Amino acid sequence: MKAHLIAAGILTATTAVAQTETLTVYAPDYFTSEWGPGPTIEAAFEESCGCEMEFLPGDLLPRIMLEGQNTRADIVIGLNTDVTAKARSTGLFAPHGQDNGQLELPIEWTDDTFLPFDWAYVSFIYDATKIESPPASFEALRTMPVDQKAVIQDPRSSISGLALVLWVKAVYGDQAEAFWRDMAPRILTVTKGWSEAYGLFTDGEAPMVLSYNTSPAYHIAFEEDDTKRAAIFEEGHYGFFELVAKTSTTDNPNADKFMEFVLSDAFQSAIPMTNFSYPSAQGPSEWPEVFANLPAPDKAIFMGEDEAEAIRAEAIEEWRRALSQ
Amino acid sequence: MASRVVAIIPAGLVAALVAMPLAAVFLRAGGGASLAAGDWAALRFTVWQAFLSALLSCLLAIPAARALSRRRFPGRDSLVTILGAPFILPVIVAILGLLAVFGREGMISQGLHLLGLPRLQIYGLQGILLAHVFFNLPLAIRLLLQGWSDIPAERFRLAAQLGLPAPTMFRVIEWPMLRKTLPGAFLVIFTICLSSFAVALTLGGGPKATTVELAIYQAFRFDFDLGKAATLATVQLALVGTASLVLLRLVGPLTGDLGLGRVQHRWDGNSSLARILDVASITLVGLFLLLPILSVVLRGAAGLADLPASVWIAAGHSVGVALASTTLCIALAVPLASARHGQTVALLGFALSPLVLGTGLFLLLQPYTNPFEWALVVTFIVNALMALPFATRAIAPALEQAEADYGRTADMLGLTGWSRWRWLILPRIQQPLGFSAGLAAALSMGDLGVIILFADPERATLPLQMYRLMGAYQMEAAAGAALLLLGLSLGVFWLFDKGGRYGLEA
Amino acid sequence: MALKLEHLIVRQGAFQLIADFEVPTHSFTSVIGPSGAGKSTLFDAVSGFLKPAKGRVLWQGDDLTNRPPGDRPVAMLFQDNNLFPHLTIGQNIGLALSKRRRLSPAHQDHVERVLARVGLDGMTDRKMSQLSGGQISRAALARLLLQDRPLWLLDEPFSALGPALKSEMLTLVRDMATEKQATVLMITHDPTDAHAVAPLSVLVAEGQANGPFDTAELLNNPPPALSDYLG
């Protein structure tokens, strides 16, 4: 009798393990760190779904492309619109199955594969103790005093750097290279990624840095410092949307649950104070106060992935030429 | 002779570890790719900055090494030891320190600003040179210092007796030594600077300052152009390989004993001008090399107290990786150092881009296992390969010397195989062995290369964790982590180097 | 018939040495000749460090020509570097008995007895750096004794010592060789040494090694090659 019970116990245990196969989510480093949204989201999702999940941090696209059909990812979170064309062409992503109507974005969202989970406007953040009259437009930026230098990121290695180059291209078109030539002396340095650039800014090396209009929320909320501010440009700001997608190779039933979870309150409410960006499915009335008070542009500029893919190489080459003079 | 046979195994291993990953990347890419204008610009820039970096390091090292070789003062040996620190400093830490001193808001700029002068502008080629000179000046000083102390004391005595004036003395005694030593120092630094990655990232100032290694990273990152990455890596391999072969052929093995250099007793340099020049060059070089390190210590001290647990765990991983890497490096280096073409083979791993090496290993592992579980293993293997040329180069001369001096006695006694190693060779190469192990451990400790590709939350190394802290607005904790990293890197080097000298004074 | 060099030709670069002689067992033979004539080359061929181009090296009829140095009945003392500076006297000497890390008590005992025999009693644990030149020579001789090989090759072993110390060491070597019944070949550039200890001499000059001759006779009526050298 006892033996039967034990055998039954083992059986149920093994089936339980099989049912709760861990959901694997690829995410960028900043997302999964103990200060990012990762830990909160992991705990909330595991509780709501009664299953196990894990984040694997690192470079998303290179890893997915290296792995191809053998990828271990069920979900990939943290891609952005400027690289989705490449991601989509791999055929490794499946429809997200969510209603795009739930989204509250400054633009209309029609993609059925990549689902935004947060967003912000690409912006230059300045130190108000060093810059008294911040530029209010790209035109002002390209003519600002030469000692007011900005740190930007390399469009060949950083998604925010790429977003800036596309933003400039969208605003200036054929004149983009001329803009970059004017900017060259006003750029302190170009970093590999956002972290190095922002580090230089907070260390006081540069009075201005390319980041997001939501970055000041961190300093206001955690450091009671309101001197880091976004310069709002009248030409409009490039919208930066961070995306989540389900892989086409997954057979984990919890993958769909996770996609659903992304638009839930538990996920959305965790975003602002951990990822310092706007949640994608909540309107301003639901945002924390500090976000609702952040200055924001009137106009969002957005480039579809086909357009982004088409002009990317040219825009980067113009940037490289102008800054290599 | 037996050691020649033994060397085939590590030589084959190193060659396979380089060739297979590179081939895997090429295969996956379906061939190479042609290089664009930007890539050629990167190639030219890489060679140019390496040339200038090596030239500057050597030129600056001359007055400093000369002064150190002829001045006796309290704390001289400790100073020479500490001056070596930048060479093993993690790049990510060093850049923080350099910016604190030379940055737009650094000490010097602040001073200039107070005087109403313009601030320093370090971003650009000058920034890269600054960093490379900072890293490699210690190496150049040590090599030249060794050259100076190898000059027989009798020559200085003779010169004093003949009453040679200072310029003649320099021309007759010191210049011939420099002509022999400088090419080696120049080439080794040139080679190191060819594969610079992290330095160019932050201090380069823009796309003008793109190095080949950075171009490889970019080819991966967005374009996912494996063909281009592999082609660039091959070009880099050829470049570094050629430079290294020239180094080995023309210059021969460098002295492995980068010792403190004994002080030469000389009868010149008593004029007040000579004294002032010597004091000035020692002081300036000391400040240049030590202020950045000091600023890392000062900034980090505040953050050190409440470092998050994850930093300590990462530090544990780093220590483990460093020890494993050191073991592998030494295990490969000793037999390679005893083989004829061992030093050439040892260069292979150094010459191949770590990013391509890492990606290749990823592709090779992937069909069989989850590469991310092997992140730390891949990291320590790659790190061991990076340190291998330094280790073989340091060990080879001592090994040759041991065989030349005592090989026949050992033959007489029938000491072959393991007993020869234990009784003759290992005790005779103990010091360069300790030095190499220290170097391998420190370089591995500070490396933030391949782990970026393989990052995994449970398997972060300390440099990666520090990088993550910076990415999470945690600048104070990052500064604390930088200090911890600094302490660990210097600490492991010191321990191994000290261990290598154990019992030698007796 | 002990050591026989049979039509031996040794080449080293452009240099060539022909040796064709034999020396009897238990003899003490000096090897003399001008510097650069090939005395050390001759020893290298006998000890196995150099492979002869032609001919054979025979010991008691055994062909040694193709055996490695450690495997010949030969013990050799070089001009210097006979002892490892990183080991103690005891460890250095003990290597002649065993390559193990620790010597067995019997071996230990043996080492101490031999050290006492050469006048180094109680110095087993001294490091080489703590020894005088004379003591180093004695230690090297002690190891020669422990190696217990019948053929000793001494390559100017005491040339660094002062005259008094050198003659003391030569006497000690001769006594030990007699006691051990060893066959000794000793390179020397000092005819007095040859006179003092070696009844026989081999002359190495002009690319040839000939002998053995009676030492007194050879030195009294030297052939031209030797007389130029002796002056």
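Brief remarks on what is shown
Order as written gives the chain letters A, B and C; numbering starts at 1 within each chain.
Criterion: contacts are C-beta pairs under 8 Å (C-beta built on N, C-alpha and C of every residue); 3 or more make two chains touch, one makes a residue touch a chain.
Here the structure is a predicted model, which is why all the values come from computation and not from measurement.
Viewed as a contact network, the protein chains form an open path, each link joining two chains that touch.
The chain with its CA mean position farthest from that of chain A is C. Judged by contacting C-beta pairs, the busier of the interfaces A-B and B-C is A-B. Computed from the mean C-alpha positions, the centre of chain A lies at a distance of 82 Å from the centre of chain C. Separation between the centroids of chain A and chain B, computed from CA atoms only, is 36 Å. Measuring from the averaged C-alpha position of chain B to that of chain C gives a distance of 48 Å. In chain A, no residue touches two or more other chains. Listed in rising order, the residues of chain C touching chain B in the complex are 47-49, 68-71, 74-76, 78, 81-84, 86-87, 91, 95-96, 99, 101, 127, 129, 147.
Taken together, the chain B residues at the contact with chain C in this complex read 405-406, 408-409, 411-416, 419, 422-424, 427-428, 430, 506. Contacts from chain B toward chain A in the complex involve residues 28, 38, 41, 99, 103-105, 123-124, 127, 201-208, 214, 217-218, 220-224, 308, 310, 359, 362-363, 366-367, 370, 372, 452-457, 467-475, 478.
Looking at the complex, you find that chain A touches chain B at residues 29-30, 32-36, 55-59, 61-63, 65-67, 70, 72, 83, 86, 149, 154, 156-157, 162, 184, 187-196, 198-200, 202-206, 218, 222, 317, 319-320, 323-325.
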